[in-house]
């Protein structure tokens, strides 16, 4: 069950970097929703490699096909199968990976677990697997928008030490998409882009932070105890390749405040219960309180660098390995739609769960 | 399904702060494991309120009873039901909670979700629910220790801005338990304790950070894609009350490094594949690599303070509320066994999943 | 996960024949439902041993306690824990069971699976486990009645070769409860009772068939493909001790008809789509069609007989075993509330699933 | 989650009768198993329409492609995606189905549930969905055979009133495949074939019974309480289209025996615990006892007949409908590999579950 996510809105992904393609099955989608490939393709294009000079140059069109679950332009309520063919396959570019474990990649751990691995392009460990998540997430975002009035957004808020200030209440899609970095602050964005270009020219890579936002979530989504909204969001984000941390609301910074400083006072506003601050990040006791949900996700620097590094061979001898060919200096702009997708998957699932028990 | 956790080693908790007690059912435990209440009680005693001057003074003995699943001192392989009776119930101390939503508690969100809530002591939202997790976690820790040679530990590493340096390779139980704070650095621990006492005397509260460690996990535990080990650990930690963040290995700090700096080189050592650094935190591609697993969890300051705060009544009018009576200035020392318990639950589940597919 | 049932309305049972008692945790119950022990106890009384001369004479009061999940007489939406203490424990009556495997019981298979078993009274294999199911089922029946207008009934329709004709459209509770056998045909019921008394006097046992009925289920409950309504009902019934078969609608008898004879014609009636016959048993393609759902469940004769039988000892030597003491000649009347309970658990679960996706 | 089956060996099917094809994702397959399309195609060929004069004449090649999860001829332990394209699509042959609900099909219930349906060929309700199950089941059978020495077989044992006697201990593949009916008794098989041909010539259809067998299952597979082996087998069979009943071991016939007659005595034989009779059907208390597992599944007659029948239109008016064109007089021979597939899926899942907890 490792390749499925969600309880009622359940996605199952399959596929490797260099096989027939990447696919996803979406089970539990409400029926009669208008859906065509054009609802999904834009998010895939935002995730696609080769979209700009600061990301991976792999050449994939990532064209999605709906194979089932839609009839005459509307969802049937039965499984929606989506498929994106792999087109840019150059296994020869990866031949050395057959014999050596790339440092800080999953080559060694997959070998240790399964006793076998699809080494071309990293196989199932490749970030290419996330194509399926973005495709499924596009459906989830559409449901949130059309059925619940919920908007999900994400943006790059930090690259290495370069941090932008993000106002989660006013963040909007146009500002995010106004530059290659998908950082809403255009001044910082330019600095980030320059940083990435410099790092790339040195054959190196950088990491950073993505901020995720959900606005319009009504009070009451989320579950007590184990499936708290922040727990499921945290799991969703930490299931993304290269993530090392997740914080919601005040996060790690909140630990320096006292309780009196940290608490969000309740006030009535326009007939609704509101909080006058939002250190809770829109979630209290695992359940949404009607305020904006926001969180931050830490991405480590991309592991593939164009430098010689110490490693071990598949014959368990010390050796070295140097990345060749294509090299992705910064995964962040392409990870923005991924964070949005996983956020949407979590929220739709909780929306349906809430409806089932309390609706 | 919100009140169950785990796939193969599955725990289900029940109970409210002021009902008949707190219980947990553990399903999937291997048979023939030696088990008595004495294997479980010590961890409950470490979580218990009233154990020291720096934690909640609620008087609970928290004595656990095994109601099923054990016969002649050994597990049967069928569900183990554990029960801890509530003894210190003073609903009158909470009467005001019936009429007002406590700021940054879950009173309002539970009301919004369910249209009803057990207000005495917070009912199901009370941290008292975690009694069941600690009890189940004690069984999981025993399995890890006896069957897999895995040691799980946690300690307080930061209170407000006071941070201790924790060496995850040498951290040990005796050092952690050597002081009331459960911080292995005795000098910083004393400062932390003084800080908490000062904060308590002002009717205020503090938060901080707990570091979790698992040593001896073999390479290969964890699953590709969604149920990555760090994703499940993150979910486990973020399902604990008052948590706001989780980071594994290099965490948020790792984003300032380049790929070349961040990568963990592989080397053969004593015939095993090892890494010479451990920024990965013992997990690569969601699967353990044999190095020590470590992570950090941010806890916000306790929400109940002895000051008047703005809030809203259950009749949706603005009002104020002031905490009365018992007051827990710092949840961290009592949360240490909780972090251990959730870590153990995740690891046992993954150990069994690994055995099922790859064993 | 073997001890849980259901997806959204999820019950987890625990307990052995001779431990502290039998319990069940019900997770996913809608909030604000009126609930007290008096809603549950009547069904437990119908399942209870010792209620009449034709069933097991074990003396259990089977008094249920609600330990959590209810506040001021209403459900909270959080787990409802129910507990029934064991009172009539006479392990000495079972001493021989420690050393010999009872034929056609689960003693040997539990030993083979787990390498350990709780031999007093059969432990977890005892039909006493079903106490938890009946208790949870009483809640499910109440939800069906109060929220959905669905009525669930079951009755004994055959004992050995003595068969009653049951009209599933007019079957009612009063007729079922009018005699000790819970057979709605009073003439056949008397013959059944005489048969059981005769069999009991010879130290032997009988089996038979229970008919289950659900009336008022709206069109649309059930799921395509795997979780068809009849598949989930079948699993529920076949999970009951001593069951050997399940058939829905025309069942095994339907195989002798041609398609033309078997098909249920559709007709409009009072503005609703109806079928003029109901060989489908109220389910088509796994989904309810609005007609009465009905099915039959085969129960083998009780395995414990007062005769010497060939068997094998726990030391794997041929031996013989003769039942002693208490002896249940016919489980059928006590199984009626069990069939109702499992039917109700399946239907509530599907009602909530339908609401989540299509509501 | 309606379109997934299994806990640890989990299959998810997708696709409609007239879409891009039928697919299945198999998650949880052990790694390093040799697997190519040639391991799967034979079972698909046995399920394929058009294979003989007594089954559906739809012309499908049903050629399977492995899209993921296999590398250099061995399974990776990651999801195996299988795809069978639809080729014989003639939606015009079904135009009338757009406007009328076919009697005893799922057209009306799908419309009632989802408010939409893919009417060409029945869409998701078509038995064509079972292609995915057979493909996944072929992998499961291979695992059972190669890793556990378990053999799974099924055969037609009754058509209408024509019943063959099946010896579950000696049943073998060659005998089953020796005739078009897949009935091991060649004399009865010829009568069955003549019966089907006569029924087909009259535009009518027949049902019957399939017997399923699993030999070599070791003692200990299956779970207490809810996920009993017979409960999961029953669910699996009742999830197949057109099934109306399931019985294991003595089944419905067993209710006429007394306990003394029905019990299976234990005896030591060749150092193993055996039963001298097998009315239990190889399962006791939900767990395999090492004897041959056998059961019977009732299939109603195919609903599509070439006669005018009363029905209702999608505009909710009374009308009539007459089947046209292709017509499948008897689904039984093609359902044999389906029963085998579902049996294998259940057994592999339980084998892995047993290994996880008790291995």
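By written order: A, B, C and D. Residues from 1 in each chain.
Definition applied: contacts are C-beta pairs under 8 Å (C-beta built on N, C-alpha and C of every residue); 3 or more make two chains touch, one makes a residue touch a chain.
Small disclaimer: the values here were computed from a predicted structure and weren't measured.
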item	value
Chain pair, A-C or B-C, that carries the greater number of C-beta contacts	B-C
Farthest chain relative to subunit D (centres taken as mean CA coordinates)	B
Distance from the mean Cα position of subunit B to that of subunit A, given in whole angstrom	26
Inter-centroid spacing, subunit C versus subunit A (mean Cα positions, whole Å)	46
Whole-Å gap separating subunit B and subunit C, where each centre is the average of the chain's CA atoms	39
For subunit D, residues contacting two or more additional chains	1-4, 7-8, 13, 28, 31, 77-78, 113-115, 124, 224-225, 353, 358
In the complex, subunit D residues that touch subunit A	1-4, 7-8, 10, 12-16, 19-21, 23, 25, 27-28, 31-32, 65, 67-69, 71, 74-81, 113-118, 123-124
Complex contact set, residues of subunit B against subunit D	8, 28-31, 77-78, 224-225, 352-353, 355-359
Residues on subunit D engaged by subunit C in the complex (per definition of touch)	1-5, 7, 13, 101, 103-106, 108-110, 112-115, 124-125, 129, 158, 160-161, 199, 204-209, 219-228, 230-239, 241, 243-252, 254-268, 271, 273, 275-276, 279-281, 283-290, 298-305, 307, 309-312, 316-318, 353-354, 358
